[in-house]
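Next come two complexes, and both contain chain A; in the first it sits with chain B, in the second with chain C.
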Partner chain A sequence: MKLLKEVKTYERLQHLMTEVDSVNLALSGDTSEDIAALIEESAPSFAPILIVHLSNQNIVDKESAIATLTELTEALEGIESLELTLAFEPTEAVTNTLYSWVAENVDKNVVLDFRRNPSIMSGALVSYKGKYGDFSGAKDLKEAFVGLRKELKI
Partner chain B sequence: MSSQFSKDRFEEYLEKYGEVGVVERVSYPIVQVKGLPTVRPEEVVLFETGEIGHVTTVTPEHVGVLTFSEKPVKLGVRAARTSTPLQVPVGDTLLGKSIDPLGRSLYKSKPSGIYSDYRPIEVLPLGISHRAKITSTLETGVAVVDMMVPLGMGQRELVIGDRKTGKTNFLMQTILNQAKKGTICIYAGIGKKKTDILRVEKFFEDSGIRDKTCIVGSSSTDSAGVIYLTPYTAMTLAEYFKDQGQNVLVILDDLSIHAKFHREISLLGRAFPGRNSYPGDIFYTHARLLERAGNFKSDKGPVSITCLPVAETVEGDISGYIQTNLMSMTDGHIFFDKDLFTEGRRPAVNFFLSVTRVGRQTQTPVRQGLNRELNSFLTLHGKTQSFVHFGAELSEGVKTTLAMGDRVLDFFNQSPEKILDMDLQIMLFCLIWVGTWSKVSVEQTRVELSQITNAYETNTEIKELFSEYVSSAAEFNGLLGRISAESQQLLAQISKVLDKKIAEGPKNG
Partner chain C sequence: MNYLPNETLFNISLLLFLVVIILAFAGLLTMIYRFLSKWITFLQREDMAGTEKIKNDAVVSAQKMLDDAREKSTSIVSEATERAQRTLLSMEKLSQESKNKLTTELESLAENQASALKEASSSLMSFYKEALSKQREESLHTLEDTSHEIEEELLHEVEDFKKVLHDETVGAQQAVEAKVQEKYAVVEKEITSYREKQLKAVDETIYDILHDVSKKVFGEALDMEDHQDLVIKALAEAKENNVL
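Moving on, here comes the complex of A and B:
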């Protein structure tokens, strides 16, 4: 889904879903025929993306727009999230790098759900589709200390 | 169990099994968890907040987990696999203790201790090749049951009746009698009031049988998950003692309440409701539990788990869904009749509506003969009584039948704290049957029976004498003939013992 290139995190996905809901509500209730204006008013953050999405499918009437946006909501609900616990708040550049890697190596239909936990020190805790992996610096350090204790026979 | 699944070990389990789930929906006590892709049914799931749950359903989208905590697990809480089935502590140290279905002490002031042995609560019942024919009698100490609805060691007998008809009293008498004979007795109070469980505990303590008993109790304020586990934990304990070569008696009080909690859990877990909204697997739920009881082969001879499940009826209706289910999966039932209770019969056992499918095969020829005689006589007595209601003029024969019937029914009346040995029951009945007290009133007969009972309980001479009478008889009529011929001599001997006892009484202070 082309639209997803703009939605890389779980937070953004939730935001998009809320705005799609608002647009659908506005389209069902308002008598105005200007779909673009209604979208701009109800979805201030994602209006350009939604307008492009509808125009790519040659949608011009309200009924078709509502049907397309409902389909979009269903598709968005099916998107899996990959939970990443980091020791820091990721910048946009970090997010983009991580997203590109995930889209290339895991699945394109995935968003990143970031959590922050400074106690992991570095690296990340990853969980996706019920699978869990601890790739944190804290774990490496703990293992190193265990090895060291064995070596020193403490 | 508690240290094995403590909150501190959550990360350890996450790392060990590499799987995580998130609570997506809570219908306390059922939670739906998303994730845990390779979790299996019956496996324990540990939540990051320290609660534990038991996997009940696995679908491609969700895992249904039955939780046991007092408060609901919150949304968004993470869950980890443990790859362990739900287990409870077992061991001889549990005798004399009252525990909850997870093996913790029922009272915070009395910690349950440390256990080294744990067993899964759900196991496959042993197959036919491990089972032996039921050949030994289970004496309840209640004359009407032992004579009219005899039970065998390893039998599953449903105790059914309205509330407040004396079911628990009968169960306590049976436990008392069996514990005195060395049987391990396990009482499972399912969703009971705390005071009811305390009353049972006090009865065991006052009767001096606490070291032969264990109480597995859940109160009505516990989580439905904990209540649901109660009979399974009791049966697991029973299996432990059975494997130690000891005979076990398990009381499941009661399974109609258990069925209601199972229904609640299933409906919350969105299982499709069936008859009376019970889930389709309600029969399987109880049958797989009761199938774990029986008489089993062992190196040291047969060992048994006798199970007395209880079911409550409403207005004496024994045709309810759960009640009939239980009747079909047990080896008979003892029906406690409300009408008989109001008539003053104690215990209010309706022997015409009670059934025992294997108890009779354990009886000696004497007891079989006695049972046959009693059955046909009491049927005749019942019919005669209904005939009398028409106000017809009574012949001598009918009057004799009615008088004897009244005496027999009065003999069956037994106070809740009293238990009677089998030999004593047989001897007393034979003495009544040969007409020893046919010239005196029912009240006078009762006094004399009570004196003989006391003499039997306190004097080994009489005990041995009664035992000799019963064991030397080849069949019932032979015994009856001997007692009839020697009744005066026998009564004189008993009087002599009683007089001697009275004479010795002041000396002994």
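Moving on, here comes the complex of A and C:
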């Protein structure tokens, strides 16, 4: 699903799901037959992507659009979230690089849920499917400090 | 004035004299009895006072008592005699013959009394000496036995005292050692606890300093690309550790 490539972060995924729900609601309640207009009105951020998504599947009527978007919602709900706590605010370039790495090495059906904590200094705290790991620079520093203290026998 | 016959007066006088004599003798016997009672009590009280002292005191006391008794008896007899003589002289009708006879009788009685007293004194002295000798031997035996018992008792007491002293000393030493060990353990525990607490505080302080310094250093030294590389490295590590 090409559309999912446009959604790389958890925040953006939530935003997309909210707008899809709004579109579905608009399609169900409005009597207008102009689907594109309804989408643009209900999903200001993701309208182009959603219109392309429906166009690629030759959707022209409201019922089919609703069905397709409902399937899309179900697909979005099935996307896993990988929580990454970083010491810095990632740029879009960094986000893209990290997403590519995760899609290639972990799973393509994953979005990144960024959290920020400067005290970890570098690296990341990783939480995924109930598992957690501290791979931060702060942890390395602490281990190095403990090792040094043992070595000095303080 | 002569209302009674001479013979009757004489008999009365004689009877009075005899009564006086008997009373005097009874008084003497009473004194002797008292003296003996006092002497026995004295001997009992002076049991451990020393043989020589007992002997000397006994002899002196006995002699003194005897002299006193003798003097008193003589005095009583003399007084009785004088009274009798006065009584006799007061009787105007008493015949010279009766007087002479009475005088003779009185002298005889006095002599007999003196003789009896002398004999009594002699037998009393013998009795005293015998009793004294016996008492001295008994005292010596008692003294020896008592000395031996006292010696044994003292030795026993000394042994007991030594044992108690030893037990008390050892017990006190052990109690002190136990107390010291107990206090030492408590202090050692407190020191260990304090040391760990202080080390932890030092650790935290040093770590905080290092952390702050590192954060500043990393924040300034690492650019976005470096951070990105470190995050990718962390992700790879997570995958290796099956977190991903």
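As a working rule, the second predicted complex is superposed on the first by the 154 of 154 C-alpha atoms of A that agree within 3 Å, B and C clash if a C-alpha of one lies under 4 Å from a C-alpha of the other, contacts with A are read in each partner's own complex, and residues count from 1 in each chain.
Note that in this section a residue touches a chain if its C-beta (ideal position, glycine included) is under 8 Å from a C-beta of that chain, and two chains touch if they have at least 3 such contacts.
None of the values given here were measured: they were computed from a predicted structure.
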item	value
Fit or clash - chain C, chain B, common chain A	fit
First, second, both or neither for A:S122, with chain B first and chain C second	second
Touching partner for A:T91 - first (chain B), second (chain C), both, neither	second
Residue contacts on chain A - larger count, chain B or chain C	C
Partner chain in contact with A:A36 - chain B first, chain C second, else both or neither	neither
Touched partner set for A:A67, first chain B, second chain C, both or neither	neither
Touching partner for A:L25 - first (chain B), second (chain C), both, neither	neither
Partner chain in contact with A:K131 - chain B first, chain C second, else both or neither	both
Smallest distance from any CA atom of chain C to any CA atom of chain B, in Å, after fitting	7
Shared chain A contacts, counted only where both chain B and chain C touch the same residue	127, 131-133
Chain C residues within the chain A interface of the complex	199, 202-203, 206-207, 210-211, 214-215, 218-219, 222, 224, 226-228, 230-239, 241-244
Chain A to chain B touching residues, read off their complex	127, 129-134, 139
Of chain B, residues touching chain A in the complex	14-15, 18-21, 34-37, 80
Residues of chain A that touch chain C when the two form their complex	82, 84, 86-88, 90-91, 93-94, 97-98, 101-102, 105-106, 118-119, 121-124, 126-128, 131-133, 135-138, 141-142, 145, 149, 154
